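Here come two complexes built around subunit A, the first alongside subunit B, the second alongside subunit C.
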Partner chain A sequence: MAVIKVNPNRMELMNLKKRLKLAARGHKLLKGKQDELVQRFIEIVHENRELRISVEEELSKAYSSFLIAKAVMPEEELEEAIMIPSMEMHLTPGQKAIMNLRVPTFELKAGGDPVCYGYTETSVELDNAIQIFAEILKKLVRLAEVEKSVIELAEEIIRTRRRVNALEYILMPNLQETIKFVKMKLDENERSTLARLMKVKDIVREKRQS
Partner chain B sequence: MKFYVLADEDIVLGFRYVGVPGEAVEGPKTAKQAFDRAVNYPDAGILIITEKIARYLDETITKWELESSYPLIVEIPDFEGHLDDRRTLTEAIREAVGINI
Partner chain C sequence: MYFNGINFKDNSEYSYACAKIRALENKLLTRNDFIRMLDLDNEQILQYLIDHNYHVEGIDPSDVNFLQVFSNEWSSVVEMVTEMLDNEMINKAVLIKYDFLNLKILVKTSIQNDEERQNVDDIKLFQVTTVPGDDLKEIFFEGNFDRLPDYLKHEIKVFEQIENISPSAVDIILDKAMYSKLLDFANKSGSEFLYKYYQRLVDLKNLLNLFRLKSLNKEFKDYSMILMEGGLLDTSTLSKLYAESMDMIVNRLHYLDYYNELKAGFDYYEQTNSLSEMERLFDNWMIEFVKTGKMVLFGPEAIIGYYFAKENELKNLRIVLTGKENNLDKEMVTERLRENYV
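Moving on to the complex of A and B:
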């Protein structure tokens, strides 16, 4: 470990001790933050996994009814049915804080009737597929939020971990080493002063005697 | 804000029914351009993209997800279901963080 370059005096020693105390406190706090972040991360990853599974299931349902609808209906009518889609999806963005991290949230507002065409020319499967698609969108919104949160949390965890490690393995040992160095230097000075004083005393005594 | 879809023709059609605009992507070449158009689509909030297309754009998407705010990107499987060899970004991140659940 490297010793920080300082003048070995009492003033510096005091400063160093203060810094070490501060570093230890920061380390403890950051460590706590990291633990909590990981906890949240695990929760959110779980939610993400469940959501993903359910979305994938429903999507495959939607696809199959949509494909059937496509098969039983002539192409033109299928296209015609959505010439004027009456449904509109609106997302209102917002923000949520997870451990001081801002993650985006959305509120989905669906306007209009999904089934906006005449019933005579279209098939039941199409209606079904559309209904499921509309349902899926709700979940997709949540999924998007959750995935973004996962990314943000992961970044924050990595950042925090780096800081914790920097404190734990570099700054704190360095400070401790330096404090030790300064203390030794001070002791050394003291001893040399003492020795010098004794020597001076000896000389003085010799002079008096002679 | 709005949704936007990048997928193959049929899926885009499907989402059109529920009022979600989108663009059909055929191959790797058009994918990049389509992606650029999609993220610049006015007021795009969430971009839905199929895994097949996302595969062409791996780097672009990762970069986007880490650096930009909107739109958020969601990958969905297409007609053929979830691609086996495809790892989602979330999984990749979970590994990077080093937490096994």
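Moving on to the complex of A and C:
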């Protein structure tokens, strides 16, 4: 471990001890934060996995239905049917805090009928596809929210772990080493002062005797 | 309720056309052909289509755009059929479907937001119609509606009086008007076969729509808006049925010729929550009806039958190719194939 360049005096020792105490407290807090972040991360990753599987399954169903609708209906009729969407969407972005970490939130407000076409000249397959697409939208927005939270949480965990490691393996050992060094230096100074004093005392005693 | 087979009208002017149609019927694709196509590559499918008289001139075999092939084929079929029929009313009863489709596209373009609205020159319309698409586009945007036939002029005037119309309302108004005119022209054409075909088609559309809207939990007023007149099933009967549960509706309609299809379609709906099987079975029933036209030796029935058979064939081809291109499950594709005319 590297010793920090400091003047080996009592004032510095006191400062170093204060810094070590602060670092130990910070380390404990950051370690706690890291554990909590990991716990939240695991929860949110599970939610993310479940959501993704369900969204992918539903999207696959919707696309299959849409492809069949595309096959059953002539291309021109299908394009005409879905030319103008009648559903209106409003997406309001926001933020929420997880362990003081800001993650995005999205509020989706959907209005209107997803069926934007007449029924007589369109295929039932199109209803199936449009219905699934309309239902899946809320899940898709939630998935976007959760996936972004996962990314943000993962980055925060990496940052926190780096700080914890820096405190645990660099700053605190360095401070401990420096304190040890300063203490040794101070002890050495004390011993040398004592030896000097004893020598002076001897000289004074010799002078008195002579 | 089926078409009553052979009639003895003097339809000998159709003798050449009917002979030609009989020859062309032999070139129609069968169910086995469609199933076989699922395992072929695009070049082999193209060769298959060439062997079955498809017009593929100018198509690059290494990069085939099948939608373009089908579109060209359909245009040539419509041209040939209208030329063979040579009867203004029958031709109208066949072609106005595309006039109305063109009109829907134009009306919807006019109600689109400025940001979404496409350039007028980019709007693609059907050309083989009673009013060629380009002419209709020009007339529509110039506002010179006097050049249009009455049935289109009347519908445009309807839209001029409505403000803030929804896209689905455009379809509903024009679909109802279209079927009313199809029945009208079929009736005026003197072709009993075509008139009966449209009557049954209206019935099946009304019935399928009833189940569609009920499955989507729509209110009766939505159904009453799309309910079409002119079929054999009374609209008031259908209106009353809307309040009933789906299984009750099926039971109440046990007397219909297509009850078996209705029941099988509903059973499938109960298992899968999808009405696709009912739609397919209704399409099959209409093809069975069209097949009765084959019994007429000389007459427009064979030509009209071929026209609907070809429409059905192209639908099956699109199902097969879409399934192949998108690696859809073979079973899913084959179970959606429609009954064949041959």
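FYI, the second predicted complex is superposed on the first by the 210 of 210 C-alpha atoms of A that agree within 3 Å, B and C clash if a C-alpha of one lies under 4 Å from a C-alpha of the other, contacts with A are read in each partner's own complex, and residues count from 1 in each chain.
We take it that a residue touches a chain if its C-beta (ideal position, glycine included) is under 8 Å from a C-beta of that chain, and two chains touch if they have at least 3 such contacts.
All of these numbers come straight from a predicted model, not from anything done at the bench.
Legend: residue contacts after superposition of the two complexes on their common chain; A:Glu145 is shown touching subunit B, with no touch to subunit C. By the touch criterion defined above, A:Val124 reaches subunit C but does not reach subunit B. Contacts of A:Met99 after superposition: neither subunit B nor subunit C is touched. In the superposition on chain A, contact of A:Leu91 is made with subunit B only, not with subunit C. More residues of subunit A are in touch with B than with the other of subunit B and subunit C. Contacts of A:Lys70 after superposition: both subunit B and subunit C are touched.
By the touch criterion stated above, A:Val45 is placed in contact with subunit B alone, subunit C being left untouched. In the superposition on chain A, A:Ala62 makes contact with subunit B only, while subunit C stays out of contact range.
Residue overlap on subunit A between its contacts with subunit B in one complex and with subunit C in the other: 63, 67, 70, 81, 85-86. Within the complex formed with subunit A, the residues of subunit C that make contact are 67, 71, 74, 101, 104-105, 108-109, 111-112, 116, 124, 126, 166-168, 170-172, 174-176, 179, 205, 208-209, 212-213, 215-216, 226, 228, 274-276, 278-279, 314-315, 318-319, 321-323, 326, 328, 332, 336. Note for the complex: subunit A touches subunit B at residues 38, 41-42, 45-46, 48, 52, 55-56, 59-60, 62-63, 66-67, 70, 78, 81-82, 85-93, 104, 106, 110-112, 114, 126, 129-130, 133-134, 137, 140-141, 143-145, 147-148, 150-151, 154-155, 157-158. Interface residues of subunit A, counted against subunit C in their complex, comprise 63-64, 67-68, 70-72, 74-77, 80-81, 83-86, 113, 115-125, 127-128, 131. Note for the complex: subunit B touches subunit A at residues 1-3, 10-11, 13-20, 45-46, 48, 65-66, 69-70, 72-74, 76-79, 81-82, 88-90, 93-94, 96-97, 99, 101.
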